[in-house]
Amino acid sequence: MSVADLVKPSVLEPTDEQAVAALFQDGSLDGLPFVIRGGATRPIGKPVKQPHHVLSTAKLSGIVDYEPAEMVMIAKAGTPMAEIEAALAKGRQRMIFEPMDYRPLLGTKGAPTIGGVIASNASGPRRIVTGAARDSLLGVRFVNGTGDIVKTGGRVMKNVTGLDLVKLLCGSWGTLGVMSEVTFKVVPEVETEQTLVLHGLTAGDAATAMAAAMATPCEVNGAAHLPAKAAAKIGAFDGHSVTLLRIEGFENSVKIRVGKLMDILRSHGEMTVQEGSASRQIWRDIRDVEPFDDGTMKPVWRVSVAPMAGHQLVAALGIDDAFYDWQGGLVWLRMDGDPEAQKVRNAVAQVGAGHATLVRASVEERAKTPVFHPQDAAVTKLSEAIRLRFDPANRLNPGWMG
Amino acid sequence: MQTNFSIAQLADPATAEAESILRKCVHCGFCTATCPTYVTLGNELDSPRGRIYLIKDMLENGRDADTQIVTHIDRCLSCLACMTTCPSGVDYMHLVDHARVHIEKTYKRPLINRLTRNMLAMVLPYPGRFRAAVTLSKFGKPFAGLFDSVSALKPMAAMLRLAPGSVDGKNTYTLPGSFAPEGTSEKAGRVALLTGCAQPVLDADINRTTIQLLNRLNVEVVLPQGEACCGSLVHHMGREHQAHDAARRMVDVWTREIENGGLDAIVITTSGCGTTIKDYGHMLQRDPDYAEKAARVSALAKDISEYLTTLEMPAPAIQPEMTVAYHSACSLQHGQKVKTAPKDLLKAAGFTVKDPPEGHLCCGSAGTYNIMQPEIAAKLKARKVANIERTQPDVIAAGNIGCLTQIGSGTSIPILHTVKLLNWAYGGRRPAELDAFVPTAVNHDKPVLEAAE
Amino acid sequence: MTGIAMPRPDAAVLSRRDEHISHLKTLLGPDGVVSDVNELRAFETDGFTAYRFVPMAVVLPQTTQEVSNVLRYLAEQKVPVVPRGAGTSLSGGAIPQEDAVIIGLSRMAQIMDINYQNRTLNVQAGATNLSISEAVSGEGFFYAPDPSSQLACSIGGNIAMNSGGAHCLKYGVTTNNLLGVTLVLIDGTVVELGGEALDSAGYDLLGIICGSEGQLGIMTEAVVRLVAKPEGARPVLFGFDTSEAAGACVAEIIGTGIVPVAIEFMDKPAIDICEAFAQAGYPMDVDALLIVEVEGSDAEMDDMLARIVEIANRHDVKVVKESQSATEAALIWKGRKSAFGATGRIADYICMDGTVPLGKLPYVLKETARIVNEYGLRVANVFHAGDGNMHPLILYDVNDPVEAEKAEACGMDLLKLCVDAGGCLTGEHGVGIEKRDLMLYQYSQTDLDQQMAVRDAFDPDWVMNPAKVFPYEARGNRQGASQPVDQAA
């Protein structure tokens, strides 16, 4: 359920960038705020107060340019991810940051869009090596809160021409501008992949094993740990914890590297290997938080800390409903009833720097609990000053990020 | 880099040369990274690029040197690490030489500074005076702390601390003469060995073992009549006339030998001197009577390690089982670009050779630098010793007496001239420095930094 | 050269010079302030020597607290501040103005902390890029971005310019390898952005700091990501008869789905220059050279190379030469990384940094030759072909004012060529003053307004490095952005 569905605000569906810009000058809209909507699959943030309009990017859709040889795609913000993935598959390419699909976790229905992926900086397991959405994003066209059409970045990999507003826009949840078009890097699809599975490790031992794996030249690009309870929710496993290490590339190379990795990790106990589609499914499930795909609205936290701090955080909280991606640095936590925000955030502070986002919670909960991790006063002040430089009249998802 | 000299200024050949050096600099800043004073002091003015800029500005404007520029030029060790680093081929050595001459001509140093410099120039290059001074310094050592408390007198304290406990007296290996090869077959070569001035006082064994080794390798060694200081010390003080007089005198000495018996090389065991002797050709290029002779002398000048690599070496006489940290003296690696010869020789002789980290950085000795700039020199020494000790060597080898004294004063690991190890390996006696060495079990835990090619 | 205007020094600031210097000395001690006019001259420029302005003073703080104290004072007094790392900028990023105080980070060059399990390293901003890799090399790690000046350039400068390097084809540029910074804001407040976690809460302020060219605050420390060293790496030389053939080969390698670690391009003049310095064994009888580096185990490298050689053969490669030892590999890279400096042996140069889409490489190379030829100048091309980042070096004689003017105009034309081809003005050197006045060629006024608005949020009075990045004609009536006047360089 998306915020905008609660009441019946008008849904505006501009068909091009100019039309988006015109909305900000349109007196008939009473200067009301806009809730920016892509596929409405990721209602994560503080609900925007009534009254407001919904500004949908549904009609800003389509791939503008895609040349596999240049490893770049340009697409309008409302383009469904399915369309983009199909085009990339044809070009034997992919997005290297593995954007997650929030629908299983949040029980949402729509079709996720590239704009939504960028606005939420959605990034999957490979983020640990090859970066987040923000690292693949090369350029953005957007309309700011005063109706200016702004272009930032470009279409080339290396670009330090002026301030990098691309990074600001990415992960700004529609609070800085309505993105109309995005340009991002794509990479060749790999020949194959394998996942090395270590069985029965504690979270602490798993952290050590994952750190050891990442320190090898084997180019591990996925490192996750599922305690028994979470592992049971993933098809391939049951009964005990699994620690997962993914290696991708040309077939021979993958074989060689998995072999090497097994040698190096020999002291960590029993090991098995998952190949091809089975391996792909495991990482898709981790990416989409399948262990917590339970049809409930039990609060789920997404916590980002230093890799070695992840298991310490979970131990400090005394929660067993947790699993780890990003070598232990991305912790997914499921709470029983109350999100216990203060407790979670105190624990983050206790294990060092990081932040916790309340990814799944009821609308009521999101209205009263800060969804995004509160920052220190100076950073908050600076962030607010920046936001006002994009949206002085508070018309873009006001309050969404707290 | 853009320069701004008038036609009249460029009429002076020395200025014209400085200008052509400056024109090559592109101000990329690479040199700052490997400059010992920049990494120690963190001020661009104490880096090659900063000094080049200061010199350029002074010369372009025809200004006399002032306290500031003298401070920064004096802090330069002349280690020439910058020249190894510089991709543009900027001849910093001759630029800073030129600046030092300019300073000497246009700047009046404070009294104590002048006295110290004069004393060093009057004592160090003369073995008799130096020997006497070192003997006397024993009585001064207790006062080193006292001198430290007065900034201008710190060089005195440094000098007293550096003075060795004992001196080597005169012996046959420091007096003119000829040493015949041991072999019965035709000799492998005839070389002149630089006797040196300070080195034989501090460690006469270096040349003794050199002569023994060369003789054993069937090389005749002569110590020519009439030798004196090579002029390196005054050269680095910017005392152009004194330096050139010294150079001419030495050119005469060696020319006599070249014309009277012939020389395959002029062998030098103190690389600081070697760098200057190899530069005689440049120093005297505008002296019509000497230019040609000086160039010939420079071409013949060889570090002992360089010369040894031209000889056919026999199989080593011993299996030393010893790990040597090789300290590359700046004058060798940067000044003369002799980088691998000493290590190759040590390896061929059976030693395990380690390259200490930051091998490009100076140990702080740099001629009289550790006396004139004791604070910076002490920091560099500590850094150097720590880097060397990280390689866990049994012994440290180097090819320059200044480095041996400087590093030796900061570590308990035995340190000695490369040639002594080589002499031992090829049938000479075991160096006395190794008496303190007790072989220990080899430590295999620590990653070993093998010497680079 | 006089094409780029610099602001008229603020007489009010200059009239209080002695007062400012004496206050700075109370904050840092006399050794922390350079104020002698002859000494200051050494700070008048960086790696972009065509423009030079002697600053009012240089300060060399040793702690974040000292930076904070100094910055707060200078901002209160509305004295322009120019941060300086190692002063290796090729776009004039560290060039001061006459009423400015340079804050130099050269005394903050320590590595503070290394965590191999988290693969993070905490370093002060003045430390050199290479010192990071050297510190962790023994444990099998490195820091990936490797600008050619990595021996000397500071990590703070790298962040300010979002530096790249030869290996970013695989490992990304600075922004992709940066986890956190300690930033001193204009009012002296010290904030930590990011840290050891992979991403941070709220807006991506770290992302905006990276590449901000010293205009948003002063970085004093950074947390960077360490990468495990590959098992092996092998640079291979591919020689071609024409630049076009080499360019087409690059496009096909990438297009086929093979992404090597690095693909570097050199044309004949560049080969000559680099070989003379490094004696790396580059082939001398070809007109264009690619250095392609592959990584991994021997078997992996052999496999990858076979695929690349096959493609190169289709483009009539004349020479394929593998490095036979670590020493040889090091020499190949030494030659490439010294290209700019080594050019100084034969001529003065300006180094361009435009980036173009890969498919446009052959066209842009041809046009570059044509444009340079029209100006009657010479060019050496040495650049990161794998990501289209061009570095034409325009060769000229800086002591010849007519030729200097021509070189500057030629450079501007080459940058416009890159923008016209769908690329950008600068891939990794930054805008600085060099490309400032071309910003409106790539961006609209509205685009720049949004960027300047963000800048305003950090530095409302435009105290930080104010003469850079944004063209004066686009600034409107912002405070601190005073009217520029031409200065004799």
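Per-chain residue numbering starts at 1, and chain names A, B and C are given in the order in which the chains are listed.
The rule is short, and it goes like this: a contact is a pair of C-beta atoms (placed from the backbone, for glycine too) under 8 Å apart; a residue touches a chain by one contact, two chains touch by 3 or more.
Computed from a predicted model, the values in this text were never measured in an experiment.
Undergrad: Which two chains have the most C-beta pairs in contact?
TA: A-C
Undergrad: Central chain, going by Cα centroids?
TA: C
Undergrad: Between chain A and chain B, what is the separation of their C-alpha centroids in Å?
TA: 61
Undergrad: Give, as an integer number of Å, the spacing between the C-alpha centres of chain C and chain B.
TA: Computed from C-alpha means, the inter-chain centre distance equals 37 Å.
Undergrad: Determine the centre-to-centre distance between chain A and chain C, using the mean Cα coordinates as centres, and give it in whole Å.
TA: Distance between chain centres, rounded to whole Å: 31 Å.
Undergrad: Enumerate the residues of chain A that touch no fewer than two other chains.
TA: In chain A, nothing touches at least two other chains.
Undergrad: For a test of understanding, state which residues of chain C touch chain B in their complex under the given definition.
TA: 34, 36, 38-39, 41-43, 45-47, 49-50, 60, 86-88, 104, 106-107, 109, 126, 128, 130, 134, 138, 149, 151-153, 277, 327, 338-345, 348-349, 398-399
Undergrad: Which residues of chain B touch chain C in their complex?
TA: Interface residues on chain B, with respect to chain C: 1-3, 23-34, 38-39, 42-45, 49-50, 53-54, 57-58, 63, 66, 68-69, 72, 85-90, 357, 447, 452-453.
Undergrad: List the residues on chain A that touch chain C in their complex, please.
TA: Touch residues, chain A against chain C: 67-72, 92-93, 121, 123, 127-128, 130-132, 134-135, 144, 148-152, 154-168, 170-172, 176, 187-189, 207-208, 211, 214-217, 219, 250, 252-253, 256-257, 260, 304-309, 326, 329-330, 352-355, 357, 372-376, 378-380, 382-383, 385-390, 401.
Undergrad: Within the complex, which stretch of chain C touches chain A?
TA: 115-120, 139-141, 161-162, 164, 168-169, 172-173, 175-176, 180, 185, 189, 191-193, 195-208, 210-212, 228-231, 251-252, 254-259, 296-297, 299-300, 303-304, 355-359, 384, 387-389, 422-431, 435, 439, 442-444, 446-451, 453-458, 469-470
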